[in-house]
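In order of appearance the chains are A, B and C, and numbering begins at 1 in each one.
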């Protein structure tokens, strides 16, 4: 079983490198604000190693769930390929813990989400949240700038909190939107992370924005968020858009009709002093890496860790090599 | 000197956490205070009690019966040795992976944890009742069941309670990691320190430690209370040690 | 700049994705468990070793000065009763995160077990044997090391076995104190059957092996008990 997969991977890699070398640039986004290179530029999309970077020490951190660990690994390995002296401090904890580590200098950078930053760090209320991804990024960037932190350009993928129920529950109670839970939630049990109780984009928001009261809220470790739903312990659970288990288990993600959830693009947040020392290469590498991180790809990478049970380190390496960023 | 001051400071903060509410470090609702500590303790005690009740209901009759008929000794005695070798975390993880999270599954896991010491002690206790006593009872015309109930059980009670005591402390201790399986006990501030803060974690650790010691002392008192006076006097003459000790079969 | 496309895989029927017990995955990923296993071994052996050194000494002292028995039993009893996970965090303000905190808590746990067993073993030495020894002209110290301790060995080793197996179990919680061990692996993916079975299984195996080893040592150094076993 191992050999055919390896061969398939190799063939795919060769095929994609061949395609890449032919230099087709039809799939350039029309955005135009990203640092785009002209079509005549050398076809090497890979990360260039710059010997000058070796004097800069970077410590990349991450929060405590799969997607964060994968992102942390990707950035760490990509920056190492660019010649930086990189060490890792992944799996720090929730967003408050990670921010504290960043502010105190224990880490140089970690990937945060624009929506999370707006709600948890900058105290935005539900009605003040921007709906546009770019606007959310700009606001988050401004907020971080006041703390002496720079939010580097965001990823294309969005990883939002989602209110999930099983297909059976959705059919039985006729649930399509979160508002449909009104009048029914008092008989339902909600499972979420321990921090969910305090977050406006979690239980607190459901209580304040949608006016929902649940029969019981049970805090469980973030890794169990699908388990509790599929095993029938939870009636409702909080999951992420990019979780591979959603499609696999056939969960129904209820539509956020009152706009409780802001956009959640991922942005690597760096200390200003570190960014200055690191030079222009850091932002360049991050932008290169981000380009390939679409919704679909992020979900695939998460699946490789959560479902195929590979390590985030290995999967990050696969992403970088499969997309041609690192040889 | 500063370490001592810091240490005392931490403990002061922790005691304060038990009595007064404060905002959570993660923002949002308040944590701490007697109300919350009591909620956590109640869940902790309920989980422990449910597990112990079921474990006793299963192992005491079984152990008494096996001891009376003299069969299944290998199983009964080695139950403790095997039980000791299985870490509580591994047991709970096994149940979470195979059965899922939730109160019922966790109670099941804790019952398995609690059975071995009680079973071993019940069996051993009955075996230790002297043959002459049982023979005399049989000579008096008692049926097997009567012998168990009126002769063997009273003499076995101290050792049985010893086993119950050991299991109860184990269960109370293990209920601390119940949040891993979705049951919110006193272990929640310890495992989810981000929500409660460092003082909350230390406060929970203090309360859990006290709870375990109280359980041990209370059941120890019960054990002494059920020891028939005759055994106590005889033991007082024979033993010079403040703890019961049988050569080969004592559990932990 | 365009990037090559990342392969999207079909995983509808793989063993891991279906959360099963997957020997292939275990074989491929076994190195995840090697370091934690050795951390676990080290922690256990150190804790039992240090605990034994302390309690054995205490027991020898208390054997002669009987008034010490009760206070020592009370103190070690309390240390024994306090759940290890609580102990880790009670110690945290003083000793910080890391191996030391875990070690102190684990040592504290085994003290009562070993103290109790050593003392019981010594007390169970038959009076006539001691008289015979004195009659042969042995001093108190010679009596202790040549007669009493050897005869107490079965009891002492029984205590060591109990201490070792329970310490392996408690050491699975050591990662809470920042000391690594197999528990960290269990916790890392608590819902994945293969992971839980391997990590948990290794812990149980370790306990069984230590138990067996101590038993072998006991049989080796107390050959006379084998003859007396059928009593």
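Definition applied: a residue touches a chain if its C-beta (ideal position, glycine included) is under 8 Å from a C-beta of that chain, and two chains touch if they have at least 3 such contacts.
Just so we're clear, the structure is a prediction, and the values are computed from it rather than from any experiment.
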Can you check which chain pair, B-C or A-C, has more C-beta pairs in contact? B-C
Greatest separation from subunit C - chain, by CA centre: A
Quick one: report the Å distance separating subunit A from subunit B, using the average Cα coordinate of each chain. 44
Chain centres from averaged Cα atoms put subunit B and subunit C apart, in whole Å, by 20
List the centre-to-centre spacing of subunit A and subunit C in whole Å, with centres computed as mean CA coordinates. 42
Where in subunit B do residues touch at least two different other chains? 96, 180
By residue number and range, which residues of subunit A touch two or more other chains? 221, 224, 227
Would you please write down the residue numbers of subunit C that are in contact with two or more other chains? 190-192, 195
Could you pull out which subunit C residues touch subunit B in their complex? 19, 66, 69-70, 73, 77-78, 81-90, 92-94, 113, 116, 119-120, 123-124, 155, 158, 162, 165-166, 168-173, 176, 183, 186-187, 190-193, 195-197, 199-200, 203-204, 207-208, 211
In their shared complex, at which residues does subunit B touch subunit C? 3, 6-7, 10-11, 81, 84-91, 93-94, 96-98, 169, 172-174, 176-177, 180, 187, 190, 201-202, 204-206, 208-209, 212-213, 216, 240-243, 245, 247-248, 252
Flag every residue of subunit C that touches subunit A in the complex, lowest number first. 1-9, 11, 14, 16-17, 22, 24-25, 28-29, 32, 189-192, 194-195
Would you tell me which residues of subunit A are touching subunit C in their complex? 1-2, 8-9, 12-13, 16-17, 19-20, 23-25, 27-28, 36-37, 41, 45, 221, 223-224, 227, 248, 288, 291-292, 296-297, 300-301, 303-304, 307-309, 311, 318-319, 322-325
Could you please specify the touching residues of subunit B with respect to subunit A in the complex? 24-29, 96, 100-102, 179-180, 182, 184, 188, 192, 194-195
